[in-house]
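Labels run A, B, C and D following the written order; every chain starts at residue 1.
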């Protein structure tokens, strides 16, 4: 993304050409995406409280299991992959509500749709920002949760890697659901109903890869399948999300 | 006849399964006809009272 | 001028049971301003949103320079500026940051141009404040600064003078007059009087 | 020439034409469906020989497999109609997609219940996390999501378009979900006893099944035709042809 940082002089030279007959020189797509990303990150750090919510939720859900199942580490270790992934899935679902909501209310999405830039690309940038703010922190926090469930420290790199790939897919798939439920008053339960069934493959491969990582064996096979899902989500989900946003603006 | 109804001891599973499926078929017919009847009724009402649109 | 810059042909649109646009048609040349009037709920906003391609009419089409805008929406969008009655501003960014991110997505801007536009709408003094601390009229002025920065051939404005004091309305008038003078076209939806500096070439009244 | 070939498509897209066509076709589809279903069930219950392993218990196949088959076929029909509606902005295609969902959901419920009733004597439990049953359960949630999303909008047009997009996304996902469930299942247990389409299935057993599959498909078509008429009437409230059709 940094390659697009062109010297200011080029921009200035271009703006002087603006006249009434032709549209002002439009910003290149990458620059538009980078600005969108920067804007969302700036906004998120102005409202840090919202950032912590999904992480706290993740920690809480993980904590429920020792209390509900048993404090024996041996038993907890057996269910640790499932606990981690169910908690991650629910935490990322919780965070999804914030993804497009504010921008829909104040008309920013409308301006994006009318910017002449590819809406797909701008929404991809927004989803990347969302992943950096929720998915990545979840992936980095997962090892601590795992160790509290009796997982040995040797599995930490594997868990982080699998979580990173999985949360990318989850954020992108979730973006479709978040865009579809825009403009509804109470969308929480519906968002879950739409998003969870199509997120199940991520859960299946993610939990299996984590299980293998914890057992200390090779988790390449499920990780590859997980990565394939992430690639598919990167290519298709922003398209679907852009179509959904346009529908919500109609 | 009773051997047929008994279904080789599987009666408790076979007959409910068939009943449920038939029930779903019948429900589908009832729902579909009901929704068409409602839509027709609404359309007739609109025709009877000339509304603001037409 | 054989081809109008913007042309609407028999636009028909329903919202649920309501027939909102009933065959709206007009032509608008370069340097001309069309004022759309009508009571609340007559469909002024719907017409603007249909013109800019957010809503799709069930019948009819919108032409820009004689071409159906649906054929190349991105190109059409980069030649227009739509300003709804809510300014697309984030409460947790300053006025200046808001403007930078908003306009920057569409076109390259130099910081000097940004500051000049803010000064022009009288926002220089408070442009570093967070938008959540600004009044409704001040937010509107930030939106006007965005307008000043966009050299789009077509402006679609929804109630541009709401919440503005006399001085703010003068700024709107000056901006619109400038846009018309350089050959741009304006469609403005308002039930108020247009600012004195602007003369509407025609008025389209929508019946509810 | 190309225009000539597409006229049937354009005519189908016209609500009054499709409305009249659906009304005319319904009996031609409904009666064969009824005959095939009654005949197929009789053949399945009486004529087909008992299975050498499962005895009479296998006869649940004649209601379970057609239901499961319909649950998928209806979803595919819905997804295709939704895609057509999205791409060509065709109202009647959205009417078809919206009509499909409740039918498909009801067949999915039937497949789940009959699967469970079959599972009890075969596995000894009412519910087994068998890949087919699990996929069927997920399919039910996909249907419920589609109907829930549509219900969330007041405006039919937006409900149509948002629902259609979800249906297309779902259609892309159904095979992915299905194969990942199979993959997941292969890790955790031995292949299930419920195996269909065995090449060894004797013709006397297979024939009623094929008759029922055809019968259920025609039944779906008949119900769909009736439902589509209702949906078209709702969508075309203000159109003049409705008055002409109803008075005629």
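Keep in mind that, in the parts below, contacts are C-beta pairs under 8 Å (C-beta built on N, C-alpha and C of every residue); 3 or more make two chains touch, one makes a residue touch a chain.
This is a predicted model, so every value here is computed, not measured.
Undergrad: Counting C-beta pairs in contact, which comes out ahead: A-D or C-D?
TA: When A-D is set beside C-D, the one with more contacts is A-D.
Undergrad: Taking the mean of each chain's Cα atoms, which chain ends up nearest the overall Cα mean?
TA: Answer for the innermost chain: A.
Undergrad: Could you pull out the chain whose C-alpha mean position is farthest off from that of chain C?
TA: Farthest from chain C by mean C-alpha position: B.
Undergrad: How big is the gap, in whole Å, between where the Cα atoms of chain C centre and where those of chain D centre?
TA: About 48 Å separates the centre of chain C from that of chain D.
Undergrad: Quick one: chain B and chain C, Cα centre-to-centre, how many Å?
TA: So the centre of chain B lies 53 Å away from the centre of chain C.
Undergrad: Measure off the straight-line distance from the CA centroid of chain A to the CA centroid of chain D, and report it in whole Å.
TA: That gives a centre separation of 34 Å.
Undergrad: In whole angstrom, how far does the Cα centroid of chain A sit from the Cα centroid of chain B?
TA: Distance between chain centres: 43 Å.
Undergrad: When you check chain A against every other chain, which residues touch at least two of them?
TA: 250
Undergrad: Would you mind listing the residues of chain D that make contact with two or more other chains?
TA: Those would be 157, 237-238.
Undergrad: Find every residue in chain B that makes contact with two or more other chains and list them.
TA: Chain B, residues with two or more chain partners: 53.
Undergrad: Any idea which chain D residues touch chain A in the complex?
TA: It comes out as residues 86, 138, 141-142, 144-145, 148-149, 152-153, 157-158, 161-162, 165-166, 168-170, 172-173, 176-177, 180-181, 183-184, 187.
Undergrad: Considering the complex alone, what residue numbers of chain A touch chain C?
TA: Residues 8, 11-12, 14-15, 18-27, 31-32, 35-36, 38-39, 42-43, 46-47, 102, 106-108, 110-118, 122, 246, 249-250 of chain A touch chain C in their complex.
Undergrad: Residue numbers of chain C touching chain D in their complex, please.
TA: Per the touch definition, chain C meets chain D at residues 14-17, 19, 56.
Undergrad: Provide the residue numbers of chain D that touch chain B in the complex, in ascending order.
TA: It is residues 37, 41, 45-46, 50, 55-57, 59-60, 63-64, 66-67, 102-103, 106-107, 109-110, 113-114, 117-118, 120-121, 219, 223, 226-227, 229-231, 233-234, 237-238, 240, 242-243, 246-247 of chain D that touch chain B.
Undergrad: Show me the residue ranges of chain B that touch chain D in the complex, using the header's touch definition.
TA: 4, 7-10, 13-14, 16-18, 20-21, 24-25, 27-29, 31-33, 35-36, 38-40, 42-44, 46-47, 53-54
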